[in-house]
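Next come two complexes, and both contain chain A; in the first it sits with chain B, in the second with chain C.
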Partner chain A sequence: MRRVSLALVALSATAALALSGCSASSSDPGSADGSVVKLLGAEDPATFAPVISAFEAENKGTTVKYTQVPFDQLSSTLQQRLAAKDKDIDVYTVDQPNVSQLAAQGFLEDLSDLKDQAKKATTPEQYSVNVYQDKLWALSVWNSTQMMFVNNDALAKAGIAAPTANPAERWTWEQTVDAGKAAQAAGSKWGLLFEQVEGYYQLQPLAESLGGGSGITGKDMLTADVTNPGWTKAMQWYADLYSNNVSPRGVGGFQTSPVFADGDVPFFIGGPWDVGKFAENAKFNWSVVPMPAFAGGKAVTPNGSWSWGINPASDHKDAAKKFLEFAALNPAGNLATTEKTTIIPANTEAQAKYLPTLEALGGTHSAGVADLITEEIKTTAVPRPVSVGYVQFESMMNKAFADIRNGSPVEARLKDAQSQIEAAWKKLR
Partner chain B sequence: MTAPGARIQRPRAASPLPGTRRPRRRSRLVWRPTLVALAFLSPALIGLVLLRLAPAVVAFWQSLQGGGILSGGEHFVGLDNYVELFSSADFIGSLLVTLLFTVIINPVQVAIAFLLAVLYTRRAAGSGFWRSLVILPIAVPPAVSAVIWSVIYRPDGLGNAFLGMLGLPAQPFLTSPTQSLTAIMVLLSWVGVGYWMLFLIAGINDVPTELYEAASLDGASAWRQLWTITFPLVRRPLAFVLVADTVSNFLVFAPVQILTKGGPEGSTNLLMHDIFNRAYTLGDLNTAQAEVIILVLLTLAIVAVQFRLLKSEDAA
Partner chain C sequence: MSVTVTRRPRRLRTGYLLLSLVGALIGLAFLLPLWWTLVNSLRPGSDTFAFLNPLSWQTFFTLSPNLDNYVTLLSGDLGRAIGNSLFISVVTVVAGLLICAMAAFGLSAIPFRGRGAIFGIVILSFLIPFDAIAIPLADMFRDWNLQNTFIGLILPGIGNGMAIFLIRTFFLAIPTELVEAARLDGLGWWGVFRRIYLPLSRPALIGAGLTLFLFQWQAYMWPLLMGTDQNHIVGPVALSNLQGQFNVDYGVMFAASVILTLIPLLIIMICQRYFIQSVSTSGLK
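Now for the complex of A and B:
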């Protein structure tokens, strides 16, 4: 009898453990309440606190609950949870080039009824990144561009006049490398450095400037084209930066901005987020000028950032849509998303209000940044390609950039990348 | 064979003839301890099924599925994913890198751990302090040690500064396809050797000191004592360390992801990293599951060979 009761105790303990595990998700009070919108993203919770409180103040009775997932895990988390039709996500942040893949997988709610409003609210490039098969799947919340940060003291030492912020006086890459080498001769450790040394986002403009295109072509945007003369020439130029010791090998993406802040490089290709960073850390005379273009080539700058979309499995689509419209289409709401971070709002009206604040961050160093960003977004911005296979493409290209930087022969490595991309895309069809 | 459940479910009311009572009571007495044991084991057994066996079955089943997002939904493709893997130059490259890595790192780590264990079990001034220094890296999370070593391996980092002090030329380390795998092995050994050394120290401390005293009286040198007393008597902990080290080295991921992402030119693309890349970067979960199955089979095969070799030594 004693043994039987012992067995019963053990079994009930096991059952209790198992049941408590199963019931954890169903006891969430938020999921039963229709007035709770759940937002999922990769940013620090403080970043979205202003837009959430502004929305809640305007929409009494509706609350927004934010969950942060680390950036590295965002894509895999979304894949797992959206595939499982998880209702605990109403709105989520989407890296813009991933919009078409998520839409093709059925992980985004069709927002085509907002097409007209979305077109009016932002630039044509920022509208088009959210369109796949003529339908609108997400709304742009943030935008970006790239600029060149200049260490004027290092150039002065080499007797070189610094470039200006005027896009009409944009330097060429050739001119920049020559000046960088002269600065190295005058004592600078390096000549030129890209912030995202192995990132397609920042290197796409090199090939685009020489007419190589984005690297993806075809009616269905599933044909790789990274071995054309434009890409080969651009990547050879990039490889030479490292083989000629103009740029350092072995410095990873998260280690690049300190190289400029420490005064070790006269030219640094970075984003608006660096203005605030260098205003705090760089103790020399610096300025912000347009990103260069190749001599005889087209001026091209990177573009795009984050959009937000709605989970088709959400039980609160109406409230979610209301929140999304507030954050993307309402200028005040969109501006609130950038209150705690240095990023350009995608909403044109919000952007106009935001840029003077950004310019003020760096004082005299960042004079002219507002006009420069406005001009670049209007005239030279080229977004990343809209393709169902972008994720695979970017991953393979970033690996190729890393190898090219470390000395792999350019033509052969680009050919490898092309066949790797094509093999990965075969699996999508 | 009768199922145990059938016996206990037989209702008491349907009492059989008096002559049959005894054997039934005996069988109940026999079964009760088994049931109690099973009940107590049930959390572990349920855990084993839910967390180990079921995922393994799911992984195998998914590895037989295929279908892109454009073709709409998954369908059974048989062994296509396996065929595709073995015809992919990238996968073959990853497999060869993993085998080369395994063949080099495991003997090296075990040998260094053994020699350090011998050294730190000697009664010498400060041996406890030095032992602690060797063990210390275990406390550092793998991601943090990777970041520390990324600074060491930078072209203008600590590694080249040290080589410069010795008058040696600067090395490319992680940026060279010929040096990157070695650089990763050095990092992993910095973390791992101290950990494996702990098990071997425990083993060496279990060797009776009389054996060493007797050998000394017979005039055996320290080297001779190491090979004829210490080494054979710590073979069991050594076997454990070799097998556990092999398995853990097959599962190396964080340093590769943080430092090289499998490059340059795939020279550090270990299978574990390739699986992650295929599953979560390229979104090809089915082929990644096929690769998981191959990795498990490879690990099992190598561990089985290790066990067999050690068993035959025992028999001898």
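Now for the complex of A and C:
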């Protein structure tokens, strides 16, 4: 009995010690003196380590602390913490289509005094995604585009000459599907694969290419328009890919690149980040060519990535702004954000320095990628629409894409999506 | 007569065999996803989906298993995250058991007015999902400067209504004569609790301890709301962080999942006997 009571006392003491000990360990010595900038994002800490150390080296006495939040929970975590005026976030990463909603909610600091510098630093598209009601709310840090990765060995087996990296010789979607089917007949498991099979980002260009627009119209950008002929035709084409077994139904978004790397599909629509991935994993002759467009349609490529903004509740706005300017407007700082990941810097000067490095990753396979990306960003890039209702729009459209690829009748499903979006937007108008 | 005697056991045996077969198949169906996870943690991430369509023996077996994914994990946050999760869970179990057992004792052994009402509130507390109160609770914790601290992560797990309920039910089975005798011999309430109730209730304490442990081991939303940085990161958040925006290495993710599953599995297997005993004997007099 005595042993039991002794053990209990020991346990209670351990608990008390642990509790007091951990409160001491959790105190943050730097947060009070104003020299610590807290950055929050969804990337691995190694990704932002170079830009943080470059900034700290240039700004002695200021340190940057990074916290990673899982990608799928970033938006909801930000909503909750920013609404609670959480001072533990100074700078945070913003998915570009969410800029207007966050600004409308009062979760972004007005950066309009940086308008001129921001305009000079990046492309017009990358500047405009951060503007809402004529004010600048964030600065673009990364940019993106989409390309088509080709398994030349699979095409050679079917006796088809592979497309080239020249945008003037861009293939059509119809041509791509025909070649994909021929490759399937010659032994390929599948004909064509998208990386983000249910993602608006990658599927928006299909409708845009056929004149369907982004799906959002109106002066206040709160009118859904996804049932027009352009959208219907594009989505019917997309549905046919799955009903005709050209694309597999069972593999979800961002799970498809291993299928290309395993040599099971001749065409794969992916991003710059796939260049490094395939350089490492694909053991066959592959190349990178422009993303196709519909015959008779416009050449359109997706665009946009991440901007960074400042939390209005931050106690260290000046230091935060300094860090943000370094990461977005300073070419060296912006380049440092891409040192550990294959994504395009949004700063034009940094982009010019970065693209040759990206091209070198895949050796001869990725020859021409630098010029291709530069050209696409300049001429065919279409950003996602700027609307306070984008978050609801994207979520409902992604569900519609999932249903369509799983066999829902296209017209009826798009009508459903349209009415769901309109209902969700009623309270925003 | 003899015919019926020989037939019945045969029918029974066939029935028994069929039931066993169905049981084994159901067991295998439960094991399959776990087995698939384990096999894929032992091969490169690029091979994860290579053998899915069509299904073949290679889907569930690999001839060249390696530990590369587990080695990759060593360079990330998972080690620290597992350490943090263990620390948080163990402190919660120790402090939580003490508090929950004292509450259960008060609600079962000490007669006072309003005891039933207080117990009703305790029951109500575990019927409301934690997720439903997490956001306002996080706002309160932020006001108290408990954000990004271990105390902030531990506190919500300590007062657990389910644990109080389990222990109280067990305490009620202890004969009141024992308490009366001890009181007559001069033992105070604390002495009765410490010297009689606690030693007799080991199975219930282990069962309640497991409930407390699993609450913290699986905590995901609360640590995100508490703004945990890399020093305070917990296992489930570190696992989710492995899923990058552009690239998911399923091999590494599966390896991390295996580790995060093995730890509670080991603990549950060790304590299983007591846990079942505590649940099955709760409420028996």
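We adopt the following convention: the second predicted complex is superposed on the first by the 399 of 429 C-alpha atoms of A that agree within 3 Å, B and C clash if a C-alpha of one lies under 4 Å from a C-alpha of the other, contacts with A are read in each partner's own complex, and residues count from 1 in each chain.
Assume contacts are C-beta pairs under 8 Å (C-beta built on N, C-alpha and C of every residue); 3 or more make two chains touch, one makes a residue touch a chain.
In this text the structure is predicted, and so the values were computed from the model without any measurement.
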### Task
Using the touch definition from the top, say if A:G159 reaches chain B (first), chain C (second), both or neither.
neither
### Message
According to the stated criteria, A:V391 is in contact with first (chain B), second (chain C), both, or neither; which is it?
### Response
first
### Message
Between chain B and chain C, whom does A:G271 touch in the aligned arrangement: first, second, both, or neither?
### Response
second
### Task
State whether A:V251 touches chain B only (first), chain C only (second), both chains, or neither.
both
### Query
In the superposed arrangement, which partner chain does A:G363 touch: chain B (first), chain C (second), both, or neither?
neither
### Message
In the superposed model, which partner reaches more residues of chain A, chain B or chain C?
### Response
C
### Message
Quick one: is A:G187 in contact with chain B, with chain C, with both, or with neither? Answer first, second, both or neither.
### Response
neither
### Query
Can A:K427 be said to touch chain B (first), chain C (second), both, or neither?
first
### Summary
Residues on chain A touched by both chain B and chain C 4, 8, 11, 14, 18, 189, 248, 250-251, 255
### Task
Flag every residue of chain A that touches chain C in the complex, lowest number first.
1, 4-5, 8, 11-12, 14-15, 18-19, 22-23, 25-28, 42-45, 65-73, 77, 80-81, 84, 86, 88-89, 189, 248, 250-251, 254-255, 257-259, 261-262, 271, 273-274, 277, 281, 341-343
### Parts of chain C lying in touch with chain A, wherever the complex brings them together
45-50, 52-53, 77, 87, 91, 94-95, 98, 135, 138-139, 142, 147-152, 154, 194-195, 198-199, 224-225, 227-232, 237, 240-241, 243-248
### Message
For the complex, give me every residue of chain B touching chain A.
### Response
32-33, 35-36, 38-40, 42-43, 46, 66, 68-71, 88, 90, 150, 153-157, 172-177, 261-265, 277, 279-284, 287
### Residues of chain A touching chain B in the complex
3-4, 6-8, 10-11, 13-14, 17-18, 75-76, 79, 101, 104-105, 189, 248-252, 255, 388, 391-392, 395, 398-399, 402-403, 405-408, 420, 423-424, 427-429
